[in-house]
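Below are two complexes that have chain A in common, paired first with chain B and then with chain C.
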Partner chain A sequence: MAVSDLMTRPSRGLTVVLRVVFVVGATLFVLFLLGINIFTSFPSFWRGTLGNPYSLAITLTVMAVITLTAAAALIPFRAGFVNLGGEGQLVAGATGATVVALTIGEPGSVWVAIVCVVVAMVAGALWAGIASFLYERFGANEVISTLMLNFVAFTVAEYFTSTVWPDKVAPQTISIPDATNFPLFGKFGSTPWAVLFAVIVWGLAWWLIQRTNFGFRIKATGESPMASLRFGYAPVRTRVISVFLGGAAAGLAGAVLILVVNRALVLDISQSYGYVGIAAALLIALRPALLPLGAIAFAMISVGGNTLAAVSKVSPTVSLVAVSVCVLLLLATRSRRGSS
Partner chain B sequence: MTTDSLMGRAPALQASDVTKVFGDLRANDSVSLSVFAGEVHAVVGENGAGKTTLMRMLSGELQPDAGVISLDGVPKTLRNPQDAVASGIGMVHQHYSVIPDFTLLDNLLLTVPGGSFRWLTSRQRRDALDFLREEGFPNPDRTLIKDLAVDEVQRFEISKLLYVGAQILILDEPTAVLGPIEIERLYSRLADLANEGKSIVVITHKLREVERYAQRVTVMRGGRTVLSQDSCPPRPALLSAMFGDEARIHAEEELETVSAAAERLGDVVLDVSGISVIGSDGRVRVDDVSFTVRAGQVLAVIGVEGNGQSYLMDSLAGLQPCTGAVTLNGKDIAQLGPRARYESGLRAVTEDRLKWDVFRSASVSENVLAHEYAGRGSLGYVNPRGKTVIELVKDILTKFDVRPVAPKMALSKLSGGNQQRAVVGRESTGPKSVLLLSHPTRGLDVMGSAIILEDVRSQQAQGTAVVWNTADLEEAFVVGDVLLVMFQGRAALLVDRRSTSHEVVAAAMSGAN
Partner chain C sequence: MALIVTLLAASLALCMPVLLAALGELVNERSGVLNVGLEGVMLFGAFGAAFTYQLWGNFALAFGFGLLAGLCAWAILGALYLWRQTEQIVTGLLFNLFAFGLTATLFTRFEGDVGQVRALPKVSFGPLTDIPILGPILFNQNIVVYAAIIIVVGVSLLLNRTWFGLRIKAAGEIPLVAYENGVPVMRLRWIALGIGCVLASLGGAALVLAESGIFLPGVTSGAGFIALAMVVLGRFSAYGILLASIFFGVAASLQFYSEQLPFASGGARYFWVAFPYIATLVALAVWRKARYPAAMGKEFKV
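After this line comes the complex of A and B, so read on.
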């Protein structure tokens, strides 16, 4: 009952904060064991994450992306649908955005960027919708189907990077037109737009789940579909809509990566952000109000981990190890209250 | 003169000054209990009196914070249920610990000690088979638990304990799901076991059973033993020992004795005609049942567990598809879902609270307001923390004596009995034509039952038609104007309460006519 436990029994705010502190601390310890001197390299960790405008911009962008993928896990999870497909939905969104940007082509404009965002959200939602349909229509286990669809999404993306618009050197598509972008903010570039999207989704997710009748139906459906049926909460419709909303959030994350970060569909564009989002959502015990907290924790681990690896001359894989350690610690420190 | 001196030997099972504290709650506060070989010992008390905590300590599930448990005069530490079993203590829980899809034999062999990797010899198997046959189960290696009637499963649970050598049997609310004939049968079995020298402890709410079958009675209140004596005290003394609240007792006694006063019968509100229900396994669960209920009338549906009453009640609430006609105030509702029936004026307390009635992690307030979250704008919000809402919820909780009155608390923190009161409170509040109550008093003490009964009387006065499903014959006679006896899915008897007797109804419940 591990996952459903997490879905239905969010623990208290303070406990969550303590867990964040513990998980970050323990992860630093693991990094120490991996040969990174966390004390002497703290200054470079600081510079590499928040300490200068350039790295701050990177950390904030990653944080925004993780906020979006965490929302992609959180909303369906609360409705009882274990969406492990944030990764694939993100790639679907990124692919959708790229297709729009490259199809409309030069010269490009802000309006094209807006269409990219909308199409990416629709693509993410539809990609999630496949698993949702399989679940509602045939009872296919969503854990398996969302996970498997991630691989399918990668293959579809690969079709575009290798066949439709291949770049001459790297495994990616050609770049999207420069003008297809949001207005830039000096040395922060378009990062503020990424942050803005994340803040909007954060606010909407919180408002929807905690302050609307529909939000209560989402939580009720997650806890007891039978009782939800009895009270007339239309659990199937509620769950399907939640999955679509989650997929749209992941798709938006894909659009952010295309427009703000990569400017092209890169084969490993997702950087595991879809999976990290799940970890972030679990870290904050599925409480939408805390989304940025979970996102900043993982953004700092993944961005800072890379910096530390560079400074200490160990493999950059350590940041992935760090994230994995975090996930294990999260599951291990999960509150057991009321599990009977 | 006490039993101790009569028998001149140590009690088979004795708890001396046992204390158990959970957080701020002293669930057991210096509790003492002596159970002798050869007696049926009833432990009674209101909800939350500490009976279950005491039994869980005696069966090794909990360890006392202070005090001693002795067996035959020798102090003994029961570290876990296995220890208790090895010491000859066996417990039958309210929820049976059997695997429905396994045969009786396999269920029995599961209890043989020796760990997960023990090797069962063919001889052990044969012995077990013989044992079960002697216990009166004809084909133990072919019969599945799920094919047994509920009282048979209980009988099997007792046999299981005897098989592993239990000398002291503890039964928690054993008669909650049984009909009168089965109750009689159970107690005669328990009396036989006592005569063989075993000790029987029965936890119960039903005072009639205590008076009738127990040789010794212990009353608990507020985590203490307030009374322990050889013979059952007269009813008033028993009640004041249990509740210590004379005023409420008189009210409750009146309610029990005065019949459903002042009937003001109106028009037919609920008309059920020839409904049948097929279970998910393809078996006919309800077979062509018809009845009507008038405004202000209470129809008591009664039967031994597993005779179709649950399916009947669920199908009336719209939770179970059925064939036939169900008319509410002249409107056909047979094909409507539960929410549409709610909107037509039907309210229901279902039998399976955790499945249909509550969201455990939601707050008490959200649970009381559960109907309000449907059928309104998705983006609107019924704020469960709003001032007027809280006041409303508090009124309901107070009226049904839900403790504590804490609307913002998670529902799961309430005890089962208090959750039940909150659910009944929700369904009982507001205008309605029909109120369906499935076992509304199950697990509630006499006082809790009285509150619900009182409420139903006021519902009647307002012209609500009530269908009350119970397995308790006495309760059916107290609440029902008309009794519908279910046996094997059919309406075995549909009769006015005043023109029948306990004997006739009890016979119908066992299919005797």
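After this line comes the complex of A and C, so read on.
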């Protein structure tokens, strides 16, 4: 994959306005075709995303999760490793966090929550590391291996939800102890912690890629592994480390989902956040400084999409259509002259 | 023994959707188009087939409309990959997300109309079915199995014995030289992508009509991704893909007999559910001599 293909230069003036108007308009039109009344539902979209504290908390949490999965795609992408396994790494992280929380069990404490986060990041990194190892050692195509590992991760999660700690009613594990949580903030619950994690990862990703020597190596490896080998940039090591960092970010997203949102390992815990993260990373053309921008856009579509879907009696999966159509059109309306 | 025969018969039937999709992917990869959106195309085909079957209860019509859905996917993917020349891997991935969202949304909307499908009947070969061992495996299958075997031969002949196949391969290896020599690279890639989408959507239709018997959101559960792997495992040849798919079929059918196998009951069952994916991963790593078409996934500019 040519990394530069995905990093479209921002076009200027009227072109960019026309492009945005076209993409947004076309996406809305697709939603309209699928049965969402786009003319009357703006108020409920507002209420469902930012308009009241409860939905604002949900939107911010989802935004944090998507920021993390977008980082999980962005960092390896910049190093030339197409990590399509954010989904599986997220599930691996969520499983790791749940296993720690339930193994230590009652009464639980803040310290357990911290251990959960660390273990989730390690689990995500290791899960990505499998694909990285297969790629570096055996030359196994990372597009296929990361996708395969997603399905393996789902099965591992299914093993824990149905055999080890099954809940009596729903397809999920029993809940983790109440005390295994970060200090709560009133109405917002533990959402601020999710946001804090996302902001830290955002800052670190930006600083690492744009301001450090190692970040330069990452970009060089992504643009031309051969040249970076000649310059002594150790492309293999650079790529491996960036894949591990990406996996850790996705794992952290899994921990956030467990500790802040679900409080148990749910069978379809990810709800495609891993793939939406990739879409968000592409929306911002792989620029780490813009991470929260892509994340807030797709968090609003995901969360607001749920509300709209409920109002218009459409399945919430309609938001996945909106996300994918939006990014596909953005890729398709890129000026071809600019890239050559 | 009886168990092994049942297992082999089941695995032959089980791998057909993957085989069909992989054959389609083979044609379009040889022409230089890497279609990661295969999973999405299969979902399109599966939904079209299930929906039509529910309306009219006719297998031929169901396959026909599954194919039609595949042609819709072809139009979308062709416009993106070939007209707008978007980056193929991420485009394919986003198309999968789109197809999942779209079919799941439509499924919820028409919940009552997309339901159970009666299993595709088996082809009767009369006395041949009674041959011990071979009979139940080879002569007691549904029509999809025989059609797929014929398509394997057809794709192999098409790629290796016709001018059309030669030009497709040229478009995938050295597009610029081919173009200079009068091969219409873009038109060939459109056709090849069309063949790919048609076969993948038939695979999706077969998945619903012959295997799962019901459409659910995400019913393909990675069959398209496995098909991508099968193309590499089969080293970009139709017969190689047939062998790779049968290998996958055996790996995948183990989970259904896990209760009867001594080493696969209880919690170990989940290992066998994940086994086809793990086996594919290991096989990809071990069997790595595949040489990809040189221009696969690359933008073509004159």
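The working rule: the second predicted complex is superposed on the first by the 309 of 340 C-alpha atoms of A that agree within 3 Å, B and C clash if a C-alpha of one lies under 4 Å from a C-alpha of the other, contacts with A are read in each partner's own complex, and residues count from 1 in each chain.
Methods note: a residue touches a chain if its C-beta (ideal position, glycine included) is under 8 Å from a C-beta of that chain, and two chains touch if they have at least 3 such contacts.
Here the structure is a predicted model, which means the values were calculated and not measured.
Engineer: May I ask you to name which of chain B and chain C touches more residues of chain A?
Structural biologist: Counting residues of chain A touched by each partner, the higher count goes to C.
Engineer: Touch check for A:22: first (chain B), second (chain C), both, or neither?
Structural biologist: neither
Engineer: Would you check which partner chain A:32 touches, where first means chain B only, second means chain C only, and both and neither mean what they say?
Structural biologist: In the superposition, A:32 contacts neither chain B nor chain C.
Engineer: Considering only touches as defined above, state whether A:212 meets chain B (first), chain C (second), both or neither.
Structural biologist: Touch partner of A:212: chain B, not chain C.
Engineer: Quick check for you: in the superposed arrangement, does A:223 touch first (chain B), second (chain C), both or neither?
Structural biologist: After superposing on A, A:223 lies in contact with chain B but is clear of chain C.
Engineer: In the superposed arrangement, which partner chain does A:328 touch: chain B (first), chain C (second), both, or neither?
Structural biologist: Touch status of A:328: second partner only.
Engineer: Going by the contact rule set out at the top, does A:232 touch chain B (first), chain C (second), both, or neither?
Structural biologist: The answer is first: A:232 touches chain B but not chain C.
Engineer: For the complex, give me every residue of chain A touching chain C.
Structural biologist: My answer: residues 1-2, 5-6, 34-35, 82, 84, 134, 137-141, 143-145, 147-152, 155-156, 158-159, 163-164, 272, 275-276, 278-279, 282, 314-315, 317-325, 327-328, 331-334, 336, 340.
Engineer: Could you please specify the touching residues of chain C with respect to chain A in the complex?
Structural biologist: On the chain C side, the touching residues are 36, 79-80, 84-87, 89-91, 93-98, 100-102, 104-109, 217, 221-222, 225-226, 228-229, 232, 266-267, 270, 273-274, 277-278, 280-281, 284-286, 288, 297, 299, 301.
Engineer: Can you list the chain A residues touching chain B in their complex?
Structural biologist: 8-10, 211-214, 216-217, 219-220, 223-224, 226-227, 229-234, 338
Engineer: In their complex, what parts of chain B are in touch with chain A?
Structural biologist: Contacts found on chain B: 317, 319, 337-340, 342, 350, 354-362, 366, 370-371, 373-382, 412.
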